[in-house]
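Each chain gets a letter, A, B, C and D, in the order it is written, and its residues are counted from 1.
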Amino acid sequence: MSNAKQIKSRIISIEPSGSYLHLVLEAPEVANYVEPGHFVAIAVGGVGSGMLLRRAFSIHRATADKSIEVIFAAHGQGTQWLAEQKAGTQLDIIAPLGKPFALPRQPVGCVLVAGGYGAAPMMMLAQQLKQLGCSVEVVLGAATEDKLFGVLESKAIADVVTVTTDDGSSGVRGRVTDVLPDAIKRVSAKAVYACGPMPMLKAVAQVSKELAAYSQCAVEEAMACGIGVCMTCVLPVIGDDGVTRMVRSCVEGPVFRGDRVRWDDVDTIPADTFGAPTGGGH
Amino acid sequence: MSNAKQIKSRIISIEPSGSYLHLVLEAPEVANYVEPGHFVAIAVGGVGSGMLLRRAFSIHRATADKSIEVIFAAHGQGTQWLAEQKAGTQLDIIAPLGKPFALPRQPVGCVLVAGGYGAAPMMMLAQQLKQLGCSVEVVLGAATEDKLFGVLESKAIADVVTVTTDDGSSGVRGRVTDVLPDAIKRVSAKAVYACGPMPMLKAVAQVSKELAAYSQCAVEEAMACGIGVCMTCVLPVIGDDGVTRMVRSCVEGPVFRGDRVRWDDVDTIPADTFGAPTGGGH
Amino acid sequence: MSDLETPDQEIPARKMPARKIPDVSSSIDLTTSLGSLQLQAPTATASGCAAAGRELAQFGDVRTLGAVVTKSIMKNPRSGRPTPRMAETPSGMLNSIGLQGPGIEAFLEKDLSWLTENGVTTIVSIAGNNVDEFGELANRLKDVPGIAALEVNISCPNVESRGQVFACNPFSAASVIETVRREWTSSAPILAKLSPDVTDIVEIAQSVVEAGVDGVSMINTLLGMVIDLDRMKPMLGGRTGGLSGPAIRPVAVRAVYQVHAALPQLPILGMGGIRTGHDALEFIAAGASAVSIGTVVFGDPGAPWRIADELGAELAKRGFTKLTDAIGAAHER
Amino acid sequence: MSDLETPDQEIPARKMPARKIPDVSSSIDLTTSLGSLQLQAPTATASGCAAAGRELAQFGDVRTLGAVVTKSIMKNPRSGRPTPRMAETPSGMLNSIGLQGPGIEAFLEKDLSWLTENGVTTIVSIAGNNVDEFGELANRLKDVPGIAALEVNISCPNVESRGQVFACNPFSAASVIETVRREWTSSAPILAKLSPDVTDIVEIAQSVVEAGVDGVSMINTLLGMVIDLDRMKPMLGGRTGGLSGPAIRPVAVRAVYQVHAALPQLPILGMGGIRTGHDALEFIAAGASAVSIGTVVFGDPGAPWRIADELGAELAKRGFTKLTDAIGAAHER
């Protein structure tokens, strides 16, 4: 379990970045403990709000003793509210949350794959992998160019960066998984790190497996608490003992081994799950 | 019924004024229709708000073709939210609402009595009365000096201004009703206009009656709709026919003749009210 | 000082502006029906949340609404409960108005006449202290022109049964409806207004269907309480009150879904915290044929019109061309 | 790549920091009781909203809470319902977790042991698919040390009675409690957790009192539904879900008030949308002896401690020196 803190955090800046907003938060109390893959949960709505639940965002960057950063899309009413906030406003945040990406103990070839704002946590990860001596390829995809994030920044860090868009407005026309096999082969990748929509993660896990690379996938399940107390954020994951359990993505994830998640069975209770309904119960 | 409009209104400025906030709203669509005693209903809470109901405020001032102004106290969560808003923010407002103060058809002596932010609508009223040729005395009271409003402004308009505070921190120590009889006598007042807390209004109505002046009291009842459709804002008022009815203060008020309101029976249904419970019903 | 205008006079009847055709910018067909009653638009007001329609006229053309559902009217004039009559609650409010109203005769003379003269589709809501009063009201109204439907508010206390709410007991609910059905010789439909404060709302719906209703309106408010900690007693003059607004929407959608699942042919006028066209479509998809907008009108008097427009857009976005195709669409078939 | 740490491992048991005495800055006595159980603080967690307490330890010292009420545990391991399991609603949320849990044996070994070792006041919540399962659970737990009270979650479906919730029927409710009472030889009190989804909650309370409970916990969630208009079906995997949070608070306060009015001696653990000390005092004034904090913990994990402090301040402001003097204070005497 991460050692999360609930703190008041002032907005240092909030600026558009393509289709997204780039939020920088003053958070000296937690910045030093952030690892790539951690997330932050932000309370939304202010005085008299009807929105009880926090919104979860991958931490994009952490500056020691100072700040953490987030890249987000104004989507439903909570993120719309957040997008309206101005520098100087105090937010109530909890961070760092979740289990981060696991790093290799030896320098190995790594590919980092991300879709849309899923790129947010990848720069920090690429940096750490480079420091460990890994060779790092980055693959970034999105529907359209304005939904790409972190292309320039990745180019400054990674050895090779490949970009895909569904409409060809930037980089290769197509999906990240179209270019992933080549990337894996180029760096003889042992580890593939992924963050993005579920169908993408599923495809990444599969391609990685076929090419004998371990994948680490950061999932995005709806969360009520983000701290492990409510059991809303579960998905079927196979444990070391081979048993499938409904596992909390907020504390046991959001990063999971791609070969352990039963991607096709997400949003179901597979019949062989630990505690799955038998005839009598429900 | 007033001819109210629901409009989007930009905050021109919001500044502290003693214990209160002085809010200036861009409202060219409605400013020309405002009369003293009208109120505005402001939606609070913004995106995802849990507060469904508007907050009602007397209109302090209206500038033709341009703006309306409000003086308010940050009290519960709705007014706290409002106090946090900044110039430039768009609010959703409905104005002008309610029945305004009735003006005399001939120039007569008038006394205007207000408690705390109850002074807000009085300056506009004093101005109009002066234009009609009335002699105008103003009596302003509050618990403490910082809760007084409009003293200087009143002095610029009215013939005489008397100030009272409960703690003597400004003007006469005591209540407005302590100084009201003298004020009425000084201008041989035929009309007394009052806005403030219920106990003050009750006392004003009584003193006025004793001194043979008609009183017009603006009441402050909790309102759900402010437009006459819900029946929450009622109080027992005696009609021209001598019958007591539970009357809506949002459309048939907020200004009532002081001698018609059954002040002692507010928050009850007097037994002789039209439609009051008899043996059988409830 | 008789030369001061008296401010506590009657509200003058308001002249209606020229009729405006609703601007549902899409080509979606939003007409619908409740039994034999055809509605030109899918949003009605909710009883008690729009008085008798007149005050809303400054915010929109009430003739373009699906219907105005009037505040429940009783036989005799009624003063209602003492104030405070409301408390704002998280995403909702509590009210204890206590059915204040002028009684049926004054209602016909002043309110219904205005609605009828102006060609407003009017659903008259009635309430009684006992079964007989409901019958008398139905009888009084049966030949009155201009009543598009009768909404029978059985979610009110039965004086003869120690104040138990009619709608909380299948037998009381049915006996009110049987009586109204007997007196109501008009062809306009009868809707029973159901309360959510029951263990099994489907049981109540079934009992009123057997008693002869043409449709149901659901849901009425939930029984709630707020305590005033400064006076250390219940905040409302009526002690308990009815909880309404978006807070209760999930309960209302569930109730509509359950009743539609059990009685798929039964027309439902859905309500409970509808704030947007998206919310309205939830009710339609759960099984309502039309919706009423209640508490949200207090904060946004233009809501009934806005929500109809938004509902059209929500339907269009999902490829529907007719509202009626979406009724009950969330049920597995 | 066995040299990558596996991220999906068990959560390590967390070491507790040095015990901190709660800082209720006033001199208000906030101790209270539920029957024979003395509580050092008035706020507990709510079942299902704090797991077994461990995760909250990073936000406060769980030993200083009135109690940790554990997630309802069943006899066998249980995977719960498919996702999506929650929907945010106006001032509330809907959940259909479906009682996911490891089963009683793993619970005792991993969860209760941690609570006991750390000296946490623990109220164990149990749930069964039928009356016998409740009895078996009570029997299994009766000699286990470290259980301050048993909360019997009868607001769950009775598989033997076509899924009707036990708490929605006075006979089923009573038969669960009778069975638990028979098996439960411990002196720790038994609380029955009541559902608000009933016509008459007082009737249910009376039936469980007659069956032998020492107190009641109320309220559980209200049955609700949200429809996912893009998939055109109910949003939650379980279709319906339980509505909780401040949205339902007025319903909860009303229920507590009614039950306390009818059964003034019955200890009540009050809950339903408590967000502040002010809210908590509403429950106390309505008749609760202590409160549970549920959904609000999800947004504010420090809430159970904060609310205890605020409650102290609210009491002080009103001249109380002891919480127990405020219990039921909103009732006329």
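Just so we're on the same page, a residue touches a chain if its C-beta (ideal position, glycine included) is under 8 Å from a C-beta of that chain, and two chains touch if they have at least 3 such contacts.
Source: prediction; values computed, not measured.
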For chain B and chain D, chains touching each | A, C
If you average the CA atoms of chain A and of chain D, how far apart do the two points sit, in angstrom?
-> 33
Could you please state the distance in Å, as a whole number, between where the Cα atoms of chain C are centred and where those of chain D are centred?
-> 36
Cα centroid separation, chain A vs chain B, in Å, comes to 55
Do you know which chain A residues sit against two or more other chains?
-> 50-51
Taking each residue of chain D in turn, which ones touch at least two of the other chains?
-> 90-92, 245-246
Considering only which chains touch which, label the overall pattern as line, ring, star, complete or other.
-> complete
Contacting residues of chain A [partner chain D, same complex] = 1, 3-6, 43, 50-54, 92, 94, 99-106, 108, 190-191, 213-214, 216, 221-222, 224-235, 237, 239-240, 245-247, 251-253, 255-257, 260, 266-269, 273-277, 280-282
What part of chain B is in contact with chain D in the complex they form?
-> 50
Listed in rising order, the residues of chain C that touch chain A in the complex are 90-91, 246
Within the complex, which stretch of chain A touches chain B?
-> 44-51, 77-78, 80-81, 84, 86
Interface residues, chain C side, partner chain B - complex = 1, 3-9, 11-12, 14, 48-51, 55-56, 58-59, 71, 76-86, 88, 90-93, 95, 97-98, 100-103, 129, 157, 159, 163, 237, 245-246, 295-302
